[in-house]
Each structure stands twice: as structure tokens, then as C-alpha cells.
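Residue numbering begins at 1 within each chain, and the chains themselves are lettered A, B, C and D in the order written.
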Amino acid sequence: MRSLLRLLPAFPALLLAACTEPPNNPYPAGQSRQSVLYSAFSERPKHLDPARSYSENEYVFIGNIYEPALQYHFLKRPYVLEPLTLTAMPQVRYLDAQGQQVRADGPVSFSEYELRLQPGIRYQPHPAFAKRPDGRPRYVPMDPAELADIERFTQFHETGTRELTAADYAFQIRRLADPRVQSPLLGFMLDYIVGLEALSQAIGEEAKRGARERFIDLERFEFPGVTVVDRYTWRIRIHGKYPQFQYWLAMPFFAPVPREAERFYRQPGMAEKNFTLDWQPVGTGAYYLAENDPNRVMLLRRNPHYHEDYFPAGHPDAGKRLPMVDEVIYSLEKENVPYWNKFLQGYYDASGVSSDSFDQAIRIGADGNPDLTPDMRARGIRLSTSVRTSNWYLGFNMLDPVLGGLAERQRKLRQALSIALDFEEYISIFLNGRGLPGQGPLPPGIFGAREGKAGINPVVYTWDGKQARRRPLADARRLLAEAGYPGGRDARTGEPLTLYLDTMDSGPEAKSRLDWYRKQFARLDIQLVVRSTDYNRFQDKMRKGNAQMFEWGWNADYPDPENFLFLLYGPNRKVGNNGENAANYQNPAFDRLFEQIKEMENGPARQALIDEMVHIVREDAPWVFAYYPKSFALRHGWVMNAEPNLMAHNQLKYRRVDGAARAAYQQRWNRPVWWPLVLSLALLVTAIWPVAASYRKHLRAAARA
Amino acid sequence: MSRRGLRVEGLRVQISQAGRLLVPVDDVGFAIGANECVALLGESGCGKSLTALALMRLLPEVAQVTAGRVDLGDTDLLGLPELAMRGVRGGRLAMIFQEPMTSLNPVMRVADQIGEALAAHRGLVGEAARAEVERLLQAVGLDAGRQWDYPFQLSGGQRQRALIAMMLAGEPEVLIADEPTTALDVLVQDQILKLLKDLQTRRGMSLLLITHDLDVAGDMADRVAVMYAGQIVEWASRASLYATPRHPYTRKLFAVLPRPERRGQRLDSLPGRVPAADAQHLGCRFADRCPEAFPRCHGEAPSLLQVAPDHAVRCHLFFPADIGNGASARVAAPISPPPPARVESMQPEPGEPGPPRGRAADALLEVRDLAVHFPIRRGLLRRVVGSIKAVDGVSLSIAPGETLALVGESGCGKTTLARAVLRLLEPTAGQVMLAGRDLAGLRGERLRRLRREMQIVFQDPFSSLNPRMKVGAILEEGMRSLLPELDAQARSERVAVRLEQVGLPADAAGRHPHEFSGGQRQRIAIARALTVEPRLLILDEPTSALDVSVQAQILNLLADIQARQGLAYLFITHNLSVVGYLAQRVAVMQGGRVVEEGRAETLLARPRSDYTRRLLAAAPGHLRA
Amino acid sequence: MKPVLLWSDALLFLLMAGVLVLVWSMRHEDWLRDPWRHVMRSRIGAGSALLLVVFLAVGLLDSLHYRERLPREAGPPGATAQHSGEVLSALDWLLTDLRTRTEKTYSAPLATHLYVKESMKGPDGREVRDYPPLQYPRGHLLGTDKVGQDVLYLSLKSIRTGLLIGSLTTLVMLPFAITLGMAAGYFGGRVDDLIQYVYTTINSIPGVLLIAAAVLVVQAQIEAHPELFDTAAARADVRLLALCAILGITGWTGLARLLRGEVLKLREMEFVQAARAFGVGRLAILSRHLLPNVMHLVLITVVIDFSGLVLAEAVLSYVGVGVDPAMNSFGNMINGARLELAREPVVWWQLAAAFVFMFVLVLAANLFADQVRDALDPRMERKS
Amino acid sequence: MLDYLVRRLLYALPILLGVNLLTFALFFMVNTPDDMARIHLGVKRVTPQAIEAWKAEHGYDRPLFINTQATGVDQVTDTLFVDKSLGLFAFDFGMADDGRDIAREIKTRMWPSLAIALPTFLVGLLCYVSFALLLTFFRGSALDRGGVILCVALMSISGLFYVIGGQYLMGKLWHWFPISGWQPGLDAWKFLVMPVVVGLVAGIGDSTRFYRALFLEEMGKDYVRTARAKGLSDLRVLFRHVLGNAMIPILTGVVVVIPRLFLGSLIIESFFGIPGLGSYTIDAIQAQDFAIVRSMVFLGSVLYIVGLVLTDISYTLVDPRVRLE
């Protein structure tokens, strides 16, 4: 009792604080007013080293810190590349085996890209560049005593900068080959960049002799693949013709990394304190990583030495000096329930739309396309929708005896299932309409994907004049019967057909999705057994090929049809070659066409070949083309220039924010409700009174009954 | 000067529990003058403790006082509000309890516990309090240094002294002592009783002594009130009560006491059990068990009548004589203790030449230099640094059919010796010869067969029988283990015989131990021991947990068995009067050694060792004998 | 129809049979019979016992599994009778209409319309987005979940999981606790040290980690040979049994320590010394004298642990190491419901249903446990 | 005292060894080093060489317990078990498999966990003991019966409901506190109050019942009767005598928990987005980062043993009869 009384005086103080700032504002007082962007990340970024990082949630950061040679134009659709740190797009020269220049359609064995750098681009302030008065690097070699009492990276007080040079770009390509960096792209680029394999072996040998983490001067090694012509020019030589190589140049793999940084980080004692390039990036981009705590917050601050960069033409903000926002704060938000609530309270500037919060945010307008609900509109929130350049499919294991192989029986079974799985219903229940039913392997917005009547998959849909109509269930039953399973029972043995779906999804959503699949197969009286496992077992099954049906998807690395069709290219088989062709689909005709379009430029010729390939795949139906996801993004009124650009990752510099509007919104939508607190206190006090009364009666009582 | 002392009239306490209405204290009245000691005498379950708690108003929640009046001096205690009563409790009216080992707060120093009382009643704190505490400790015979000790560092006697000091802090007019020495040894008991007597006289305090021991009451009290089943059945001055006890129950209490002079005779016994607290009583509560009961006793409840200036009795045998002439009119059958029934073939009278007492030749049990040492381990490697010598070189022997009493205070090693003889624990040295065969070397099956020869009966009837087994199964366990040749039928026959032999109904085999009284359970324990027809029975304080009347029944039973089956007894006890009555030879133990051994009569009359002399002197009631 | 006996069904019926046999053999032992009569006499005791019996009935009904025979004419003539892959239970048969009358997605309790707007043809043929009418208006007492299944049906099916976890775990835990606990108490010395070493080691590993690691191990084994479990129900069943076994193996230390302390006290009691004086063997003493005198502790712990285990299942399912996601359980319901609470307008009935059912089950168990503890408490016995 | 501590240390070694053995066995029955490599590389194009390189770099290329190729003593020492657990005994946890230093991670993430666990523990203990004393003081009254029924009801509700309900009411509806998140330093209190209140309410039922049973048992003891016979007031008897003696059983359950407080609570931290140690180990298990799992389980066991030793020592403070020999 007495302990509760002691807590009472604390409550008035709390009430006072509420008037000025909404009590539930998670950020320091007054910060909402400044030029700051609030966003969140759900998964801890594991690697920020441009050579090693290859996942979406890490590109959000290094995309804005590092500046590769090229970038996607912010406004143009379909996506097109433009120079970022170059004076002009790279020139390509084709050479024959002896290194003599030849014409594009001649016997090309090498292609050489020459890139010229803009002068005057400088790095972010970083201790690696700090110099002592006599010019020697301040922190190299690192005095162990000084390092001992440095706990956080920001305690390296002295920083410096340096102009970006071509050697930095060359140095990064050499780092790709360093086995200690374990770059995921190394295996892929070995076939293209000349001499990369030899370089990798050489560095590997050197690394074995002596401490693995010590500094090795990569520039000592002989490496024909990349030559630095002069301070601002360098050439990259690759085997054969590979037009898509320029897309790779726009990715962080080919961003510049200064030699001083490698020298600075690879010193003894640095790794134990997490001072490594993998955790503390150094780049020339618009922002640098000011605070790096992967369990709580990642803070990007404006790079004071950022080169002149202006908003592209054709937009109200054209000509403005970039970047326009001082700081971007990413808070860790593991669960999407709190994320959505905080977005509505104005503590996050933008948010996706989960299937649970869909009805609250989106309603379908009269014209049939999605629009904001009145509640959202009242809050001044804006919606932007875009079809993502990725696809999602239900794959059949082509090596499976029951439904694999190109034979007639299995093909008809797969076609029957393609018709029976009603992905329109799936999209409306689980994605709330945010997706287009899949017609083929290429999502819209990628060269070669056709729209409207020409784009439908005749095996599954018919065109009723205005839109694609899924074929009736009867067609599926007929195909099933022709496949030898009339009414879902094996014609010969009468056994019910049982198919197995392998999945690794065990989250809260899993139960309802798996029940839905069972319901779909039941429409053809086919028993579906779902085998849900963890990530490892699922990968094992896929590698050994003993999964029967599985769900998979692919996000485009770059906007080229090759990046999707290679998923069905025979030699890329999962079983045996551990490639990305998960269905182990092998169709010689398809493979021959793929090798042709791989090196063609976009044009009508390439379009014709792609149409033929898509037709083959639709007939063989190794996949049920489920859907192409559409992404809905919501953002508050005070955030400008946040149009979705799925390819580019350096969009932060184009954002603009109105702090005052945000603070006002927060104030309006977070008025605290105090009556429950007052009520509970009152209840507490009234409860004390009877207790005291009965005690007093006890004291006065005499012994006689 | 306000009248001093305590007056209680018509006190009635009621307990309502699980639908049943119990009246453990009914119409109790007595008075204690200043500087007077009154003893409230009664067997367990007669309501004496509850009466004391009622006076202190410390009854448990389920009980309340429903009638009666209690006046401390001129204060009506029952009418006081709880707050005021708190001032009286521990102040003018104080109380000490039976279990000194658990009555002190184990985690507080003695000085603090006494200081609390001083602060509560005399407002003494700090230095003044410390001085007063030292004075109080001196008054109760504890040296001042003891005040900083914790209770676990004091012996039983010292704790009782500390408790007394605590209660004296409030300078009480009346001190209630609820069986203060029952849990103590004879020597310590004597000191505590002398201390109470001395305090009472020096401080002019009234003392209400609650006890079940006639001798203690005899030593201490000026007047004695005898309670039975919640009522005072007789009160009188000590002289008058001990000279001419009038109420049949009181007379029975005297008759059942084992005395050396009654050796060889059967003790008078009191059949039946104390009536349950919720029983409805029409007539006299003792009627069912009273040898002189007649119809009126059952029909009409007698009231407490003054039959002499210093004697009152609640019994229809007496008429209220006018106080003047002091004679008490008697009615109907004269009451005289029944002639001592001869026990048929009791073992030979003392003094008669019994079978030649060969020392070793035909001794049933021969113990030579038996020693049991418990190692004390200390330090990191648990090295042995010393040992507690519980039994340190004991030699004794028992002839067939003979009873050897083993006497000594608690902690002298008598129970350890018994356990060592029975090989329930391994002796460190020495030999145990049973009927000529040395037990030391035996192991496993050969040891098990010898176990048939000797058995044991324990002290606490409540923990010596497995509560979860039926009596029949308990009795059969011995036979099933040691007489495997018997089949189920033979075993159940033997069970019936044994039950009949110890005076229990045959249907007892089907019931569980908790349905029997303490006395009946001890009979079951004896029956269990007899099922395997042992030749030696070790009795570890078999009667000290029982009321006197029940103790008599057990002693008679043991005497009959020994007479009929010629069993030898190793009778362990600290009660010298029982030794005098039952044992032929006595061995006195102290600190793990036998300090004196010899025939019972000679040893009790002319003890040779100083320790035995002090033991005999301390035994209550010997002054009057 | 072809009856199917899952492992958990067999064990549950084995446990029920065991309890009945125990009660039958103990009916004469009044030291056992009186306390139960005492429990039944009190209002709370009888009420909670009745509730538990109702839950048990639902659980047992749900444990009689069978597979429906497929209609003959669907298959080709002459083929042997075939049975559907889906395993149903007697409870399913009883609640057939609840099970089959599913909706498209969420619907509020006793609602007439779906809870979610759908784009459909309006009366004038125009595309309009409104609440479509339910197929079974007012047919769902507690509404439907995301995939349209009836929440009342899901709750009733979850009872069996809760009961199984509560009871089978004790079936695994008891032998460990009793043998090791009593051995440590009675034999002492090296045996005591060894047993104490084992349970200190098990206790020192944080609980959830041990269970999580063990469940993952079992999952790996289930994956390693899928041929053993043909139906989805069998796979979920084995994972449930594994969870019970793991909870049992890691949960016995509390009761073991309790029994060790009690046996240390009982060993010095005189009726045990008397038995030793008769040369009765150590095992006989343990079984005849010590075990009956600790049974009250075992019974009390079993009943108290039951409610603890039902609550633990919910937490484990949240962490992802609980029962199979496809199996109906309170944990899975709460897990799913958590997301629904974030919706606007909020979907509250699945969370409410899980809360009410679980609260009533655990409250009944706790109240019953209190009555049993008071009835079996030895101190009470001494007074009678 | 020193003898006691040294002996407890010697007892702790076999236990820690046992714990280590169990962790290795359980972990490597589920995941093979190849799986671990694949998860950590976790990218689209994983080549077999990359897996071998990762395993070599992190030392998982050696056999688990017995190395058949090596000879003599190497058979036992040149194994994964010895290599990975020697460092533990020197509390050198080394690098996690995903490259971050474990000790640093623990040091930074323990403060938020402690910031929630400690107040919940202390305020909780204070409230539960006070509430139990209140019920004991009015034992048998209507308040006591009502209190007991309330406790049984609160005890029957799963912890998850308290967290979900608390977050929904205090965070979403009444806007009192930020729903989730964390700020270091002083203004962390805004993120602390809700989880602590939820933790408190969740624990009321169970703990109060336990403490009430303890106090009622002490009330029946002889020394309480003596204290009342001395004329002390009910409050003094309750606080000075009953509470003094009840501290021994209370400490038994309470002290052993203290060292593990900074390991945080899994549920509270994941629901309220607190960057504590609560989910560190479970995430490591799911991400199959073995370096973290072995370190955290080892740390958990050491803390449990420290807890046991602290409990013994706390006895000597409360109970004069207990001496550490």
C-alpha cells in the first residue's frame, strides 16, 4: 500500500510534459521540425562492403553512400542509364583474339569499355584520409594504445578527404577478386573480366602466407582486365560481347573504394572493434553513415564535400542543388504492426501497405483502380502504385516422375493445374489486389513483355474483348482426365492423386495461405500435402531435386529480359549446376533461342525471338505464372519527390521534406487521452478507504462475542 | 490498593470449524491470589492450554470466548478493546510456552527480542534498555554476554530462561506458564521450576502453572485445579488434594502413577478415551469411564460443589457440606483403590533368588566397549578434523526375560546405542553379541535372519506407523520379510492373535493408523514388534509421549508380555519413576558412557555416582515421597 | 470409413486408462478417497472439475480419428474403396456444418455481411466495392478468420492441443522426476551428487533455448524420413509429441527437487527405521513406504503444471518453436490474431475467442489445483 | 568464505562442460557446417568454393568431437568442440559467424535489456510482497478472499495477452507512450514505462499467491504467538517477525534470477522493439550463427551458477544459523 502512494507524485510531472510535445513522440524533442527524413529498416544489414553486399536492405544505405560510374535517370520510364561520375557514357571497342579492333558484328573475342571521370569529385570526411602535418597518414600505422581507448568510430576525431581518381574504381575491381572479401559476384564475373581468375588465385596464395586479415597491396598483382590510363580514365576488358555489362557498372559492385581505406581498416586490432570496411563505408555519395547501430538506428548525414549535382529537368524542383535533406534516420522496426501504427501517428514518413492495413488505406475507385480511403485523404497521405520488375511463380520440378518432363501426359497435368489455381482470388485475399495475374516469365515494364490481347497466356486465359478471362474449371478437368487422372483418381489404380507442395513459410500468415492452396487442389479432387520446413532443408531439397512443387520469385538485377529468361535456360539447372533454374527446365529449342537473344540489342528482331520463347514456355508450363507484384507506397504530404524507382537505389538526394507540416500533423493526431489514468488512480484511492475502516473496527473489538 | 491477582468465572470458549461446533472450554472458573501459584492439571486435550490462550485473548481466528468473565485486579479483560488489551498482554499479564526451541524468533538477537517488550511496555530504549536487559538476564540466571547471541546458540533451558526474562520485562502481576518444562530434561526442568518459584515469591507475582505432571504440580502449586474434558472437576489446596483426592478421575490419576513401591503390581488403569470436544454431554463427562458411576451420573451434569474450605469437587458422590464443619458428606459406595491384582507369573520378587545371574554365560545380549563416533569435516577438502563421540565405550548385558533400564538425559547417546545394537547404523568399534553370536561381522542374509531375534518400539506413536498403510499390512510386513515360509492365511491368523494380545479389536486390521489414539497406536507398534517373536525388545521411550493414564495401560501390557513370553527388555527412558516400577537392573548414561550400573532397588535407594544422585534429587515429587 | 489411430491418440487413451485403473485400485484407500470427496463437496472444486470434464470430453471426442471413404462412383469401377487423405475426428463429424460452412474471409460474430469490402458488380452493373453478403448469414457464433473458417470451430479444435500438451508432458516428466528425485533423497552420497549435477546442468541452460534447439532437432529428423508420415495430420502429430517429450525432459527438475527434500525428511521417520529393523529391502521401502507418502506432492504438482504448460504452448508458438503451424492451437490463434489487432477497423473476435477459451481452461485447472492441494495437504489430514 | 567460493568454482567446471557438450550436440544435430555457410553467404549465386572458403575461415572444417585423421592427443584436441569451447572458459567469445564481435555486441545490447528487466524485477518484488502482506494482514476477511480470486484469475491469462492488450491500449488508443523503439540516455524512460507496467501486471497473479502462502505458513509458527504475547502490534509482528523469517524462502526464488536479468525477456523486447539481448540467441539459432549460440548459452549457465552462489551468500545475510564453511 505505502509503495503505491510513493509513486503518486510522479504523475503530475508526466502530465506537464504532455502539453508541449506529444508524449508518444519517439524522437528527441523538436527534431520533427527540422530537415530530416524518418524511415525504418526491418532486418539488420549484415554487410556494407560494396564488393560483398548483394541484398535489398543493404542497398538502401550503400546506394546513397557509394557512387558507381552510372545511374538510372530519376524520371525516365522505361529505365535508362545515364552517367553519374563520368563525363559521358562509356565507349565500347570490340577486339579480336589478337587485340585488333573489329566491327561489332565481326569475330569479337574481347570488348573494352573506356570510362572518363569528372574531375573535382571528393570523398566524404574520413579518418583514412587524415594527414599529419608532415603529410604521413595520421592513423596509419595505428598506435595500439590510442586504438585501445577508441570505443566508437566517431572517436576518430581527425578526418580528411581526397579527390576521386580512376585508380579507385580499378582498385575496387581488384578487391572483387580478393577471396577474403568473399564477393558473391566473383564466381559470375570470372567468365567475363579478363584475368580475374588468375588474380584471385594469386591473392589467395599471398593471403595464406601470414595473418589472413593483414593489408595486401592488391595493386602489385598483374591484372590485364583493368588498366588505369590516366588520373581520370580507366579501361575494362571483358571476354566476348556482353551488352548487359553496362547495367553491372551501375551497381555498387563497381563503385570506387580508396586504397587508403583498405590500408586504414586492415590494421591489427581494428576488426575486434568492428572497424572494418564491411561496417564503416567510405564513399563519394550524397550522404555518409554518421551513426551505425544495426540493432537500433542507422543515420545518414549530408556529405559536406558532395560534388555539384542538380535535380534533372522536367520537374518543378529542376535545377535545385542536391541533396535537399540534411539527415535520414532509419530506425529498426522488426514487427510491421508497430511500423503501421507509427506511420499513422506521423512518426514515419512513408510506409508500405500490408494485407491487414489494406482496407483501412485503399479503396477501389469508380474507375476500378485503387484510390485512398477518405480517412487517409483527411490525413493528407498520398498513394503511389507501380508494378515491380519481379515475378512470383509456383514451379514444378521437371525431374519429378509424376508431373515432370516434357511428355504429353505430364504437360497436360501441369496445364490443368495452371488453370485450376485461381490466382485472381489469391491476389484479392492475400495481396488485396496488389498484383497482376501472371501471363508469362517477363513482368510488364521489361523489354519483350507484351500488353493486352497479345500478352495473354492462351493455355490459361481467353480474351473476352476487354480483358483476359481465366478458362473455366471444366477445361482443367478435361486436361486432367487426358493426363490420366479422371476425377483426381489414377485411371489405372483408382488411387487419389496426391501432390506435395514444399515451402519454408512458417510465419503467422502461413496457415491461411496453405489452407488456400489445399482448397484450390481440392477443386480437382487432388489431395495436396504441404511439407513446410526451415530454410536449410528447403535448399537441400531443391539442390537434390526431390521437391515436387515449390513457390519462388525473382527480382530483376537490371531491366533486361535476359535477367528473367536465364531462369529457364537449361545449363542453369539447379540440380547438378546449382544454377538459378529451380525447375530444372530443359528445352533445346528454348535454349538455342536464349543464346541468340542474350547478346542482341533491344529491337524488333529480339522481340520476335522472345515471343517465340514465351510461347514455348507457356506450352510446357514448367511454372504456374502466379502474379507480378504491384507495390503500393504511402507517404505523408510533407514528403516530396518520393516516386518509386525500382532500379535506382540513390534516390534520397532527390527527396524534399517540410518539417513544420510534419510537426503540426503529429500534434494534431497524437492528443493523449488521460481519463483512463485519472479513473484508475481514483479507483485506487477509493479501494484504500474500506480497508482502513475494517482495520479500525478490528482494533476496537472486545473479546466477548 | 487495588485487589491483585486473577479471577475467572464461567469461562466458555467455542470453536466453529467445518460445520462442527466444539466447546473445548466450558464453565471454567478459578482465582489466583497475589503471590500464589495455582496449577491447572489435566491430560492432553482437556482444554487447559486453550483456557490460558483465552485469558491472554490469543485464541486462533476460528475460536472465540462466548461466556464468562476474567478480572485482572479490577480490570475486566474481556471487555477491553483490542488496543488496550495489547497494553496488558506482556505487561500486567504475561505468558510463557511449552516449546522453548521454536518460541523465540530464530533470526533476531535475544537482546532485541527482550528490548521489544521493554519498548512496548516501559518505553525503555537505547542505553537504558540495554542496562535493563542485562538486569533481567541476571534475574533469570543467564550471564549478560548471552544477550548478543541468537536463539540457535542457546540450549533448551537457556532459551526458556530468555523467554522468561522477555516476559518479566513488563513486570507482570500474573504470569501464565503453559507446560514450561515438559520439553526439557529432568535436571534443567528442576532449575527452571526453582527459578519460577523464586521469581514468584520475590516479585509477589501470581503464577498460573499449566501441567499434566502430578509431581510438578505437587512441588510448585499452592492450590491445584484438575481439568477433564473442558471442565474443572476438582480444585483444592495441595495438601488436601494430595492427602485425600475426592473426584474418581483425580484418584485414578494418582493410582496410575508408576512408583517403585508398586513394583510387581499391575497399575490401576483408566479404560476408554477422553470424549471428543464436539460431543453433547447430558450427565457427567467422566461417567462413561468412572468405576463408581451410577444412573444419576449419566442423567444429570454435576456442578462444582464446595465440600471443604479448601476443596471443591464436581461429582454426584458428594453433597455440599456447610462450609463450617469441614466434613464432607459421602454417599453410596465407598471408594477405595482396587486391591493390587497379582500378575500371574510375574518374574520372581526382588530379593528372591532368581535364576543365577551368570555374567556372560547365558546373557541374551552382550555389548562390549561399543563406540559410535560421527566425524566432523571442515575446510576445502572436507578433511576430518574431529568427531562427536555419541557412544564412547559402553559395555552391558541383558539376560533372557530381564528388563534393563537405560537412563540418561537427552543427548547422552542412549538412542544411538539402541540404533547401533540393532545395526540401523554402523558402530565405530566394539562388539554386540546376541545369544552368543557376534553381529559385527555379519552381512546381508545372515544379518537379516538374526534381526528376527530383536525388535524395536519407538517413542512418537504418530510417526512410528506408516499413515498410508492399513494396520493389517503394517503387522504383516515383519512376517513377510523375516518369516517367508508363512503363507497369507497363516499371516492373517497371527495378526489377529497379536491384535487380541495387545487388547485391540480384530477389525483394527482393516483401518488406518490415523483412526486410533496415541495409546492404541503404541499397542499396534508393540504388536508389530511381536509378530516375529523376538527374544529381545528394545523400547526407546515408549511411554514418554503418552498421557499418564495411557502410560499405565502400556506398562501393564509390557509387564504381561514379559511375564508370559519371557522377553528381555532394553527399556530406554528419562523417567525415573517408570524405572523404579518396571526395571530389575539400571544403567545410567552420561556423555556416551555408562556412569553407573546395578540392581534397580539398590541404585535408586543408595546411588553411588554423583551424577545419579543429582538426577534423583532433581526428579519432581521426590520431596514428598 | 477407415479409423486412424495417431500416436497422440494412443498415448492419451493409454493415460486415461491408467488413471481409471489407478482410481479403481485406490478406491479402498480412504486416505485417497476422502480428499477427493472433500474436493467435490466444495462449490469451486465441483464447478472447476465439471468444466475440466467438459473440456476433456471435447478433447477425447477430437481424438477419435478416421478417414472418410471417397464416394464409389467418382473412381473407376472395380477399384478398391479409397479414402480421402484428410483425417477427420468424431468432433469434426459432430461439427460438420460448422466445418463446411466457410466464408471467403473475415466476418464479425453473428454478422450478415463480410467484414472486408469486395469489388463486385453493383445492382446497376457498375463495379462497386461493398460488403458482400455471407453465404451463411448469422451462422457464425464467433465470426470467421482470414480464410473464412469458423472461429468457434477453430477454438474447439484447439482444446485438444492444449489438453495434450498439459497431460502428455506430465506422462513423460513423471518417471524422470519420481525415480531421480527419490533416488537422490534416499540413497544420498554419490548418487545424490550425480543427480544434482544432471538437474543443475539442465536448469542452467535458459529454458526457451533448450526447447527451441530440441524442437529444431526433431524437425530435422521428421524431414529426414518423410515416408513415415503420410498424412499432414501425422506430421503435425509427431511434432506435438516431440514437443511434449522435450517439455517433459526439461521440466522434471522442479518436482525432482521437491521429492528429494521430502524423502530426505521421510527417511529419518521412525516407521522407515522400523521397516529397516525388519530387514525390508531398500526398493521395498521406497515403493511401499516412501512413494505413497509423497503421492500427494506428485498429484498437486501434476495439476499445477497442467495450467503452466497450456500457457507455455502459446509463448512457444509465438517464438516459432511451438506446434506445427498447420495445427489448430491457442498459440497459433493468438499468433494470427496479433496481426489482426493492427487492422482498422480492428478484427477482435479471433483474439477474444482464444483469450476466453484459454482463460476458462486455465482458470478451471488452477482452481481445481487449489482445491486438490488443500485436500491432499498432510497437515489437514493430521487434524481429522 | 574463500574455501566455499573455491569449492563452488570447482563444482561449476563440470557443469559448464556438460552444458557445452549439450549445446554442441543439439546444434550440430540440426545444422551441418555447409548449411551454416549457405545461410551466412545467403546470396543468390552461392558457389561451392565460397562455402569451403567460409568454413575454413570460421574454423568449421574440423570434425566435431573425435578427429580420426590426427594421432595421439590431437585426436581429441584438434576438433571443433575443443577449439570452439576453450575460448569460452576464458570469456573470450571471439567473433560471431556474421563478423561482429560478440563481446562488444553483448556490452552494447545489455543496457536496454537491463533497463527494462531491473525495474520490472525490483518494483515487481516490492508490489507483490506488499500486496501479499496486505492479504496476510487481513487474512480470512472479504478482502483476502477477493484478492485470492483476483490472483487466480490474473494467473490464468497468458503473458501474450497482457503484452498485446497493453500495447494496444497505452500505445495505440491512448497515445501515452511510443508504441515501440528506443532512445539511449535519459529520454529512454518514454520507452520503458509501458513494457515495465505490462511486465508488472503479468506477474501479479503468480507471485502474490506464492508470497501469501509463505507468510501464512510463518504466521502459524510459535515465535509469532510469542511476539503477540509480548503485546506487539499486528503491523510490527508482520513486518519485523514474519517478514524477517519469510525472507529466506523469498530469497531462494528471487536471487537466482538477478544475474540473468540483463539477458532480457524475449517477448517484451520483440513486441516493444527494444534492442536488448532478449532475441539475440533465438535469432542466432534461426540464423544458425553457432558462435553466438555457444557463447550465450555458456554465459547463461555461468550467470545461473553465479545466481546459485549469490543465493547461498544472501542466506548468511538473512539467517544467522547459516555459515558458509
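Just so it is clear, a contact is a pair of C-beta atoms (placed from the backbone, for glycine too) under 8 Å apart; a residue touches a chain by one contact, two chains touch by 3 or more.
Treat the numbers as computed from the prediction; the structure is a model and nothing was measured.
Visitor: When you take the mean of every protein CA atom shown, which chain's own CA mean is nearest to it?
Guide: Smallest centre-to-centre distance to the global C-alpha mean: chain D.
Visitor: For chain B and chain C, let me know how many angstrom lie between their CA-based centres, rounded off.
Guide: Inter-chain centre distance comes to 54 Å.
Visitor: Return the distance between the CA-based centres of chain A and chain D, expressed in whole Å.
Guide: So the centre of chain A lies 36 Å away from the centre of chain D.
Visitor: Could you give the separation in Å between the centres of chain A and chain C, each centre being the mean of its C-alpha atoms?
Guide: The computed centroid separation for chain A versus chain C comes out at 42 Å.
Visitor: When the C-alpha atoms of chain C and chain D are each averaged to a single point, how far apart are the two points in Å?
Guide: Result: the chain centres lie 26 Å from each other.
Visitor: Residues of chain B that touch two or more other chains: which are they?
Guide: Residues: none.
Visitor: Could you list the positions in chain C whose residues touch two or more of the other chains?
Guide: Within chain C, residues 216, 219-220, 320, 338, 341 contact more than one other chain.
Visitor: Got the chain D residues that touch at least 2 other chains?
Guide: 286
Visitor: Building nodes from the protein chains and edges from chain pairs that touch, which of line, ring, star, complete or other describes the result?
Guide: Graph shape, chains as nodes and touching pairs as edges: complete.
Visitor: Give the list of chain D residues in touch with chain A in this complex.
Guide: Touch residues, chain D against chain A: 31, 35, 38-39, 41-50, 53-54, 57, 95, 98-101, 104, 108-109, 126-127, 130, 134, 137-138, 141, 143, 167, 169, 171-184, 187, 190-191, 270-271, 273, 275, 286, 288.
Visitor: Please give the residue numbers of chain B that touch chain C in the complex, ascending.
Guide: 419, 422, 424, 447-448, 451, 455-456, 458-460, 462-469, 477-478, 481-482, 512, 514, 525, 528, 532
Visitor: Give the list of chain B residues in touch with chain A in this complex.
Guide: Residue list for chain B touching chain A: 57, 64-66, 77-83, 85.
Visitor: State the interface residues of chain C toward chain A in the complex, per the touch definition above.
Guide: Counting only chain C, the residues touching chain A are 70, 74-76, 78-80, 82, 84-86, 104-105, 116-119, 126-127, 129, 145-147, 149, 216, 219-220, 223, 226, 230-232, 235, 320, 324-326, 332, 335-336, 338-345.
Visitor: Which of the residues in chain B end up touching chain D in this complex?
Guide: 56, 58, 61, 86-91, 94-95, 97, 99, 102-108, 116-117, 120-121, 150, 152, 163, 166-167, 169-170, 378-380
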